[in-house]
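A, B, C and D label the chains in the order they appear, each numbered from 1.
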Amino acid sequence: MEDVLIRVTDRPQLKDPILVEGLPGVGNVGKLAADYLRDQLHAKPLASVYSKFFPPQVYVNEDGIIRIVSNELTYRRAQKPGEHDLIILGGDYQGISPEGQYELTHRVLEFCHGLGVKEVYTLAGFAQGHVVEQPRVLGAATSEERVNAMKAHGVVFSRNDPGGGLIGASGLFLGLGRTFGIEGVCLMGETSGYFVDPRSAEAVLKVLTKILGVAVDFSELESKAQEIDRIAQKIHEAEQRPSESQREPAREDLGYIG
Amino acid sequence: MEDVLIRVTDRPQLKDPILVEGLPGVGNVGKLAADYLRDQLHAKPLASVYSKFFPPQVYVNEDGIIRIVSNELTYRRAQKPGEHDLIILGGDYQGISPEGQYELTHRVLEFCHGLGVKEVYTLAGFAQGHVVEQPRVLGAATSEERVNAMKAHGVVFSRNDPGGGLIGASGLFLGLGRTFGIEGVCLMGETSGYFVDPRSAEAVLKVLTKILGVAVDFSELESKAQEIDRIAQKIHEAEQRPSESQREPAREDLGYIG
Amino acid sequence: MEDVLIRVTDRPQLKDPILVEGLPGVGNVGKLAADYLRDQLHAKPLASVYSKFFPPQVYVNEDGIIRIVSNELTYRRAQKPGEHDLIILGGDYQGISPEGQYELTHRVLEFCHGLGVKEVYTLAGFAQGHVVEQPRVLGAATSEERVNAMKAHGVVFSRNDPGGGLIGASGLFLGLGRTFGIEGVCLMGETSGYFVDPRSAEAVLKVLTKILGVAVDFSELESKAQEIDRIAQKIHEAEQRPSESQREPAREDLGYIG
Amino acid sequence: MEDVLIRVTDRPQLKDPILVEGLPGVGNVGKLAADYLRDQLHAKPLASVYSKFFPPQVYVNEDGIIRIVSNELTYRRAQKPGEHDLIILGGDYQGISPEGQYELTHRVLEFCHGLGVKEVYTLAGFAQGHVVEQPRVLGAATSEERVNAMKAHGVVFSRNDPGGGLIGASGLFLGLGRTFGIEGVCLMGETSGYFVDPRSAEAVLKVLTKILGVAVDFSELESKAQEIDRIAQKIHEAEQRPSESQREPAREDLGYIG
């Protein structure tokens, strides 16, 4: 079996498409943002990525139909002048070993390079370890020009953050991208790191859509964020009353949202 | 050494054979069911699967003769109209790493595809975390038609179970099977998850044999199930009398049955 | 780099050589026995085995000279009628992953098969979990004839031991050997499993040398065994006097002998 | 993706260059020494080493620019008679698995062998488990001549140290070097093993520069060492006054220096 298998669904001619990556990770910020973008832009299936570097797992949907874990590439053509053709990468997992991370990222970059991609935006969460009311969007990039361009969009470049660098796909797509001549930016939404964070995803996506010049309705993401807020509030209240035995929302509930 | 080595024992011409998979897993339900089916149908050796993705281990039989751990493919020709030729996959282990799971499943599917397999039934246990008196058989499948066909046989498709999907060979044979054009169904017998469960295997096998249109005598599996019941009962009683020091059947005894 | 690199030191013409394997393991019994046999028979260097499946480690000898960890093949020609040419496999480590175990064993078997080996004796310890005064030698083999031949030499074939089979090189050389048409026997010396056990190695070697028809002086192995006995005795005595603070031989001392 | 990718920056003609290796490890002694040597000698970029055997990580510099983790080869031509052309290997990580260690070392040796390297010095720390005021430099080498030559430079060859051999790149470059006909020496600075140790790196580098006949100004390394001394002293004092709650330098601070 091939280590990484890319099964092509469609073969569109794209013009200088920009790749947007958002896979599961801290606060699921990257995945929430990429999936929301895909849904709002009605991006179409481009290719599926299967790999032995994912867990040996299938999901079962509500109708009892299985599908094997994968990453999914979708695309959306520019709708008006100023927009770019887009390729969006989302999925169930990042590679589950260091080797797998490298192999998957390399293979997807190689595929996207073949479609003309010269630019990538990777989306991620940045764990602050405490609740963040107004998440800022931190950045890292492959060149000084891009750093400056991002600053103009309100992206924060901090001397100290992220101190240990970026671990996982969002960093690797930039680091390995260079070997394909692909330049890029990582946008990291601040988040507590304790649960999935649609509000942080919204912050990231607001910056990204401004950069890409595409219009997106954020109301659905906003209501997800409010749902999380409500549950977090209830947990907070419940923890103030430890003696009561009534059924209360568990912390785990947060994991299922988004 | 090849990653996965399939050593062919026999080269029968089979007509649209159906693959039945049952490897060790939750409650050993899949393995118990597949091995019992093989024995009852007097299936003949077809091929042995060796792999570096299994543990580096040999078993020693009662006569002191060793054999290396393996998976085993056996076959049984249709005996009368309405039956299908069958290939049954059993064995000592699933692959012990995620990569190994993918490689083994892919290689066995490739081999079976070469023999004309277009349909697979995978057998497994579904851990409920509590004792199940009358185990139901839950299902998952690769298409809506199959889901409906299974419902007609009493298989339960639950909106919420299995929530996290299927992990291991039983899911992967369906998920990777699709890349070979092989459609299929996973039949999961409810079980506590605490010990080997012949009763759950019996429930699974009753559904499967009805689907396959083969007749099987369940008396041996039933007596295994009763043996487990007896031991479980004794353990239960012993746990009610913690102060007595008499030798009593240990929980571990359950692991050796079946 | 090749996964397993065999560097040939000598290219002797050997006649139906018998392979004897003894690598580190339970009680270091196999390694003690194989190394002692090599030394007593003045076996000559045949080939060195290097591999990325060993730890990334070099040893430094008393003169400050390094050598990378390896397995070593040595050989010894038959000296008189009735003897066989021998190849002895010893070394610093077994493969440190399941895959490594398979790859190393397969590669060494392939090499030895090329030199005409058709028979292998693997040497190992069998952990009993308690001190064994008179270690028996347990056996496992690839055929009934060999089981019977071993019984004639006093080897014990127990219906229940080893229950879980053999894990590691000593089992795998038999299990994979069959794919090369190599038949064989595993000789396991009973041992506590708590420290290196020259007495168990001696028991194994006494059986093996009888089978091979070679004469070996056991006095050095015997004095090693007595040294271990002495240290074990002192530890035992020391443990009876827990309040005394005098410097006493530590359990760790046992690990350095042999 | 290639397992190990060497991206060449420059293609100088070098004459019998000597390789100096210093990667992260015990007390970071090897890396501190190699990086300091590179900086003091103004060594020029030669090649970058990328690999899936490194963590899937990028670093972000103060300006927000990312770079993927790597090892770096630099070179410096002989400046006067008696000096040698040098190649210096430094980097962010050693390979993170045993296989990765072997593959990376083998690939870099192969590359350096192609540039004419016949000799290697590997730099490392040797953990003593207690504070070492005047670190000695211990040695290990590939031949008796080299051992003797090192002794003349004050390198200590101890009958018992290092007892368990050398684990990691510093040992492997010597062990695998032999398969390329490359001879070498490992210089190990004594260190506590509890924090990064510029003083030990200085001791190692003083020996190495004497051997190589290159002049190096040690003042910057000395001030790093004094900085560590100051922090260690403050920690020591703080630990004498456990009840005071004032903010005090944490042990972790030591990890960020050098």
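We adopt the following convention: contacts are C-beta pairs under 8 Å (C-beta built on N, C-alpha and C of every residue); 3 or more make two chains touch, one makes a residue touch a chain.
Remember, it's a predicted structure, so these values are computed and weren't measured experimentally.
Q: Chains in contact with subunit A and with subunit B: which ones?
A: Both subunit A and subunit B are touched by no common chain, going by the contact rule given at the top.
Q: Specify, for the interface formed by the sequence copies subunit B and subunit C, whether it is same or different in terms of residue numbers shared by both sides, with half as the dividing line.
A: different
Q: Write the angle of the rotation needed to overlay subunit A on subunit D, where the fit uses Cα atoms and the result is rounded to the nearest 5°.
A: 90
Q: Considering only mean CA positions as chain centres, point out the chain farthest from subunit B.
A: Of all chains, D has its centre farthest from that of subunit B.
Q: Take the average of all CA coordinates in subunit C, do the same for subunit D, and state the distance between these two points in whole angstrom.
A: So the centroids are 38 Å from each other.
Q: If you average the CA atoms of subunit A and of subunit C, how far apart do the two points sit, in angstrom?
A: 54
Q: Would you give the residues of subunit D that are in contact with at least 2 other chains, written as numbers and ranges?
A: Within subunit D, no residue touches at least two other chains.
Q: What chain pairs are in touch here?
A: After working through each pair, the chains in contact turn out to be A-B, A-D, B-C, C-D.
Q: Sort out for me which residues of subunit B touch subunit C in the complex.
A: 1, 5, 7, 50-60, 62-69, 96
Q: With touch defined as at the start, can you tell me which subunit D residues reach subunit C in the complex?
A: Within the complex, subunit D contacts subunit C at residues 95, 98-99, 101-103, 105-107, 139-144, 147, 150, 157, 159, 162, 165-169, 171-172, 174-176, 178-179, 186.
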